[in-house]
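In the two complexes below, chain A is the common chain; its partner is chain B in one and chain C in the other.
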Partner chain A sequence: MSLRVENLKVYYRTLAGDVQALDGVTFGIADGEIMGLAGESGCGKSTLGNSLIYLSGRMKYVDGSVELDNKELPIADMHEMDRFRYKEVSIIPQYAMSALNPTRKIGKMAKEIIESRGVDYHSILPEFTRRLELVGLSDDVLRMFSLELSGGMKQRAVMVLSTLLNPSLLIADEITSALDVSTQKAVAEMLVEFRDRGFVKSMMVVTHDLSILHQIADTILVMYAGHLAEKAAAEVIINNPRHPYTRLLISSLPEVGVTYAKKRLTGIAGTPPALLHPPTGCRFKERCPLAFEKCVEQPPFIEVDKGHFVACWKEI
Partner chain B sequence: MRRYFARKLLTYSLTFIAAVTVDWAIPRLMPGNPIDDLLARIGTRCNTREQCDAISSYFYNVFGLHKPLWVQYLTFWKALFQGNLGISVMSFPEPVSTLIKNAIPYTLGLLVPAILLSFWAGNKVGALAARRKILDNTVLPLSYTLTATPYQWLAMVLAWTFAVTWRFFPISGGYDPLRTPSWSFGFAGDLLYHWFLPFASLFLVQFGGWAIGMRNMIIYELESDYAHYLEALGAPRKLVRKYAYRNALLPQISGLALAIGAIVGGALVTEIVFGYPGVGSLILSAINNKDYFAIQGIFLFIIVGVLIANFIVDIMYVIIDPRTRIGMQGGS
Partner chain C sequence: MLKIDRVTKVYKVGTFGGDEMTAVRDVSFDVNPGEVISLIGESGSGKTTVGRMILRLASVSGGSITYNGVDISTLKGRKLKSYYADVQGVFQDPFSSYNPIFKADRVFKMIKDAYFPGMSKAEWRSKLGASLEAVTLDPVQVLNKFPHQLSGGQLQRLLIARALLLDIRILIADEIISMLDASTRIDVLNLLGELKSRGLGIIFITHDLSLGNYISEKTVILRRGLIVEMGATEKVFGNPTHPYTKMLLASVPQLHRKWDEVAKELEVSDDLLIDPDAAKRVYESVGEILAPDALDSVLVETESDHVVRYSPEEAKEKMKSPAKEKKKSPPARKRG
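Moving on, here comes the complex of A and B:
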């Protein structure tokens, strides 16, 4: 097991109180697994992704533990965590297009980052240019400033830079969200390629786009309002979901070959709860067509089938 | 790049022409006239009206003030290109350029170190204070106070404290009047001794401004995406701060270009407070004596100085910021 997350709780400090964006999640990612992390905006998926590598000032570690390759990650300790960043855990950030220093040439910036991590830049340079070529960038970009690159080129440069030290776990945060559909596909395929070539061992792909995950993910973890809803193989989540939220989510996607002239696409009625004072029990119960008395208690996230985890009282 | 410099050169030329015109007009808009003052000062006696008219028209002729205004204006430009700033009325018959030449080392000696050192120190201290609680809580209020202080007021406070109350420093002058200027260490030390207080008042006020600007810019840069990315990759704080400092320096440099005019103005009044024999004191006596030519000449000198300084900063900015540089070359 590459990554093991146990009852992780990370809240956001606000003046009104703590926003419980990530409230006790437990799951694992196997070696070589690409796990998609899906859910709507504000469900805590980016919080989960970020908390595994860098807790920003507003984020507060509350409880839980994270283990990577059987080593405990000190995620709450900014400085202790530095040893693991980049080398063990790395991230392609949501803001990949503005992640490069605008006033440094890309090669120089890469050199400074890599050397600051105690790795010799010159010995890694051939591999760096090889990987840049793999994503369709010539080594000329090393002599350019980021503003000389298009958005897509910047994103690919960041993908290569982020994975250059062969981290065990890569977090890809909403990296396809700002791209057009064909570029999305190309970027998604690069992620698979990176895994297949062993640049990264396992991957967590954070997105709200289930169709991308269907293409590249081995497993999909669905989150709702700071809790886990369901985790299973990608095929199972798409074709055979068991949590009512996942079912409604999947059924609200358009299907190929169906004309929606007569039949209207339906969404899920209602809105997710505010996480400043979240409801007790199952957080989906207000919108759930199957809700019953038991739902005032929080359902456990348990394995109902091999590799298929669901948090719903109806499935136990 | 070529087009950029051509455009800059055009802007600077237009500014120069406008400034010279205003410079020529200002003393002529002042009430009174310099010839009457001159005559009163040298105590010319004339018994009849004709004698008086003859004497004053002689001086009008000497200074060319009898000609129509537009001729005076054109003559002014012509003389300007010959490097001739005219004859001073107050120190007749000394040429204005000599007056300026004597005063300029004092002013430059004050201004250049004050600008460079305060820019350097203010930026360093501001960067250090950003995101460091104790330093921030002390440097910030101090800097706000300093930068809000008018130059001449701080100069008076310093003069009162260090020259009048404690007598650490001389209260006025450029050097001890009992000494003869010479190339000796003793005289150099004396110059430095007189230089210190005017320098300190210029330095401190500017220092506050740069420190605040830098501190705010660093905080902004540390919140930017590239800084967060570096942190997420475990880059040491030193590297993140180095990048932030470099990027925060760019707006500070444009700030310097904007501030140069005000700093020069501040230096002039500071000189007046300390009776420092630079261009500021020269201007004061020129205005008091309605010395058209000296006023024009000194202002012209200041205008050219400020324009040159601005031009240098403009060029520096282009060299330092790849964004403007590449923007001009066109991306590849």
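Moving on, here comes the complex of A and C:
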């Protein structure tokens, strides 16, 4: 098991109190697994992704533990964590296109980043250019400023740069959502390629787009309002979801071929609860058509089938 | 009702505006009451520019846009105001459509001041109530609130409600779904469907083919400012003919089918797909690999209510033997 997260709780500090954005999540990612992390905005998916690499000032570690390759990740300790960042855990930021320093040439910027990790830039340069070539960029880009590159080129440069030290875990946060469909496909396939070539061991792809996860992910983890709802193989989540939220979510997605005139889809009534003072028990119960008395207690996230975890009293 | 006739938009670019960039070239289509038209394209296709020109937020460089027979570029003063009473737009980012200093319902007050200054308070309140009801918003939840206190979906629906206050005939919806969450997305789409059945003409601008397919009768596929394929939605999606349309359809991530399956079915030619064995893979977007359509290419009607762009030579061929083409790819193939 490459990544093991146990009962992780990360809250946001606000003047009004703590926002319980990530409230006790337990799951694992195997070696070579691409796990998709899906959910609506505000469900805690980005909080989960970010807390594995960098807890910003507003984020407060409350409880839980994270293990990567059988080593404890000191996520609450800003400085201890530095030993793991980039080398063991790396991230492709949400706005990869604006992640490059506009005042440095790409090569110089890469040199600064890599040397800050105590790695010799010149010994890694051949591998760097080889990987740039692999994604269709010549080594000329090293002598260019970021504004000389197109959006797609910047995205690819950032992806190569973030995975250059072969991290064990790569977090990709909404990297395809701002792209055109054809570029989106290329970037998504590139993620799979990076895994297949062993540049990264396992991957967490954070997105709200389930259909893209169906194309590239091995497993999908669905979150709702700071809790885990369901985790299973991608095919199972798409075709046989068991949590009511996942089911409603998937049935609300329009597809090519589905039309308003022939088959009217329905959304999920209501809105996710505010996480400042979240309701007790199952957080989906207000919107859930199957809710019953038991739902005032929080359902456990348990394995109902091999590799299929669900947090719902109806499935136990 | 609204007629877009060979519209072209040229922007001056470069340091001193010395260069020209044609964002929209020779685009023609009509919008009728009770009809949803999807303008689909990737970034740089000119789809938003078309919407902006209809709303007179951008001037027209060539061709004309006429509304009920009147060229809209000539409208001024009172006439322009009455044009806006019929044609309104809602844009992609609901957060930037509001002034954060003021409460969100200020947008309604501005409509009242401009268009209904004499209306009594009670009358206005019931009108506003009806409009909010049409977009399924609870007045108690949304009125008297600041933009940051409302969700993106609520703000987006407030903007639609604002447009509905005017009893509009045409709504330009520019990527209004993209910012919304999956579970509320479909509600806004269904709302558009509802408005359509009330006789509204809707121009639905999107990059997401599945959204366009869900709601629209007519589809226009734009690429680099040119229409490459246009027609009834089930014909464009059921029998995609232009290589760019096929490529778009093959790259859309689908929920129940993998990319390879779709590509095989659409017979997307191999050089557009990435060769899995090649050591050096090309990660350009496929849109960049595919050669742009020549400027002298023409739109040819391949079947009724379905036009496709061909180069002049191909077009001549098509004109000669239209029947053959039909046999090769049966129309209205059922998909999904």
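The criterion applied here is as follows: the second predicted complex is superposed on the first by the 310 of 316 C-alpha atoms of A that agree within 3 Å, B and C clash if a C-alpha of one lies under 4 Å from a C-alpha of the other, contacts with A are read in each partner's own complex, and residues count from 1 in each chain.
The rule is short, and it goes like this: contacts are C-beta pairs under 8 Å (C-beta built on N, C-alpha and C of every residue); 3 or more make two chains touch, one makes a residue touch a chain.
The shown structure was predicted, so the numbers you read here are calculated from the model rather than taken from an experiment.
**Q** Regarding the shared-chain residue A:91, is it in contact with chain B (first), chain C (second), both, or neither?
**A** Only chain B; A:91 stays clear of chain C.
**Q** Counting residues of chain A touched by each partner, does chain B or chain C come out ahead?
**A** Here the partner covering more residues of chain A is C.
**Q** Touch test for A:40: chain B only (first), chain C only (second), both, or neither?
**A** second
**Q** In the superposed arrangement, which partner chain does A:239 touch: chain B (first), chain C (second), both, or neither?
**A** second
**Q** Identify the partner contact of A:211: answer first if only chain B is touched, second if only chain C is, both if each is, neither if none is.
**A** second
**Q** Going by the contact rule set out at the top, does A:104 touch chain B (first), chain C (second), both, or neither?
**A** It touches chain B, and chain C stays clear.
**Q** Which partner does A:62 reach: the first (chain B), the second (chain C), both, or neither?
**A** A:62: touches no partner chain.
**Q** For A:124, using the defined touch cut-off, is the partner it touches chain B, chain C, both, or neither? Pick first, second, both or neither.
**A** After superposing on A, A:124 lies clear of both chain B and chain C.
**Q** Looking at A:112, would you say it contacts chain B, chain C, both, or neither? Reply first, second, both or neither.
**A** first
**Q** Touching chain B and also chain C: which chain A residues?
**A** none
**Q** Per the contact definition, I'd like the list of chain A residues that touch chain C in the complex.
**A** 40-41, 133-136, 152, 156, 180-190, 193, 208-212, 214-215, 238-239, 248-250, 252-260, 264-268, 271
**Q** Going by the contact rule at the top, pick out the chain A residues touching chain B in the complex.
**A** 53-54, 56, 81-87, 90-91, 93, 95, 98-105, 112-113, 116-117, 144-145, 147-148, 158, 162
**Q** Provide the residue numbers of chain C that touch chain A in the complex, in ascending order.
**A** So the residues of chain C touching chain A come out as 42-43, 151-153, 181-187, 189-190, 193, 207-211, 213-215, 233-234, 237, 247-249, 251-256, 258-259, 274, 279-288, 334-336.
**Q** Sort out for me which residues of chain B touch chain A in the complex.
**A** Interface residues on chain B, with respect to chain A: 224-226, 228-236, 239, 243, 246-247, 250, 321-323, 326, 331-332.
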